[in-house]
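Okay, got some structures for you below.
Next, two complexes with chain A in common: one pairs it with chain B, the other with chain C.
Right, the complex of A and B next:
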């Protein structure tokens, strides 16, 4: 949602609405992570009264969906695509191939035997 | 030969003291594993590269010293637009009429 979006664009990679959205989700998650973990602790703690635990459960489910880690998806920094992204290079397989063949990725070499 | 439970519990207590672990004979869940987890936020938030300085920033920075910076991409773009206009393939000019009239015209066309 737009309330989590940075007022000024702070992305240096390929920019489209999907990467902007994913970036704001990441930042929202970072901001609310401690709160989420605290609620999760209360929920898991069996020594606390059942009522507090239920309330914590409710609070956790009612937090904004942008603060959930499962909303985050690794996207390509060169094309913004969400599928076939190599985690080590943050690129889709095609962009990775192009960059590797151009020699832009240190230590990456085409195999041949 | 069976050992009484109290004795085993005593042993557990001493063992916990020695290895400085929590004495929890009933196996009650205290949720400590949540507190032990590391925070993943900073690592996840630094996935995308942040904005670096652009050519526009350079131009702004050098303007007071009367230094000229060439923005090649922008020059190429403008050149391309001029070429399009010469061939009559440029983007149309903005309409001067108020928005309501344009809407009516667009509605009639359909």
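Right, the complex of A and C next:
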């Protein structure tokens, strides 16, 4: 959603609409995390009146989907791909292989055992 | 002769001109307190009492026995290196702190053996790691800290297997690995301030490709809790601007039911405006 998108490009990696979208989702989640946690706390707190908890439930469901942590997906910083991304290097398997063979990743070597 | 450290090699091979040739005759009355001689062991006094005569014509006095048999006293070892370097340097006497570089790092003995700092060094290259461990041990010696180690900790091996090309060629894969080597240096009986100085010195001269992690223990009097409570107020003031760097923002206070109700009302208005 464009309302969460930064007016100026604020990404240093491979730029793609998918990476921009993922980035704005991360920022939206960060901005609304406290509210989300507060509502979750209210919903689960059994000492509060049932009406308050129900209201909190409704409000949590009405929050924008970009503020959900499940929307975040790790993407490749070199190609923007969303599948086969190695978490340690934030790269897809093929980009990782290229970088490792070029020696751009400190300490990563071809292994044989 | 042990293998020479690279910066010293041209000096010892007489490729660099020496400014002055030292001809020193030092007796026991003279003050000879270099870094390496600062030692609380009783053996050091015995060394300083014997008169040291350093002349250009000393190589005849060195016998093969003295070169091959390493003596137990580190002071004697340093002296042996100095004597061996004399013919090569044309009679210039190597400073004792310099001579100590050719030997294993000197160590101090802990009196009580209470650990005060565990420094873990990590690297992907063994050479850099060993070099920096050596440096850290020497720094600890000259700061008067009893250092123990380096203890080789288990290596951390991470492996990744990736297909060489697109998915249909899954049968042809390639293995990569990254081995993190670790060393542990323990400081015992160190004063907390001195340990901090040591850590700061190591951080200042941090070597490339080496990560450092230190666990520091401090001991204080009984009633630690009260003292900590008092210090929290000071620390909070100091940390206020640091938290901003960590992305921590001042949180709404949701402590009471009324506050929560208020927050929900605000939230309701905000959400309805947003839609």
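In this text, the second predicted complex is superposed on the first by the 112 of 113 C-alpha atoms of A that agree within 3 Å, B and C clash if a C-alpha of one lies under 4 Å from a C-alpha of the other, contacts with A are read in each partner's own complex, and residues count from 1 in each chain.
Here, a residue touches a chain if its C-beta (ideal position, glycine included) is under 8 Å from a C-beta of that chain, and two chains touch if they have at least 3 such contacts.
For clarity, every value in this text was computed on a predicted model and none was experimentally measured.
**Q** Classify the contacts of A:111 with the two partner chains as first (chain B alone), second (chain C alone), both, or neither.
**A** Only chain C is touched by A:111; chain B is not.
**Q** Have a look at where A:42 lands relative to chain B and chain C in the superposition and call it first, second, both or neither.
**A** both
**Q** Quick one: classify A:13 as touching chain B (first), chain C (second), both or neither.
**A** After superposition on chain A, A:13 lies in contact with chain B alone.
**Q** Contact-wise, after the overlay, does A:5 reach chain B, chain C, both or neither (first, second, both, neither)?
**A** Once the two structures are laid over each other on A, A:5 reaches no partner at all.
**Q** For A:30, is the partner it touches chain B (first), chain C (second), both, or none of the two (neither)?
**A** both
**Q** Starting from the residues of chain A touching chain B, keep only those that also touch chain C in the other complex, and list them.
**A** 30, 34, 41-42
**Q** Taking the touch rule as given, give the residues of chain C at its contact with chain A in the complex, in rising order.
**A** Contacts found on chain C: 124-125, 158-160, 162-165, 174-180, 209, 247, 249, 251-252, 254, 257, 260-261, 263-264, 267-268, 271, 274-275.
**Q** Provide the residue numbers of chain A that touch chain B in the complex, in ascending order.
**A** Result: residues 9-13, 19, 22-23, 26-27, 29-31, 33-34, 37, 40-47, 69, 72, 74, 77, 90 of chain A touch chain B.
**Q** How about chain B: which of its residues touch chain A in the complex?
**A** Residues 28-31, 33-35, 37, 39-42, 44-45, 47-52.
**Q** Touching chain C in the complex: which residues of chain A?
**A** Residue list for chain A touching chain C: 30, 34-35, 38-39, 41-42, 48, 52, 55-56, 59, 62-64, 86, 88, 93-94, 96-97, 100, 105-112.
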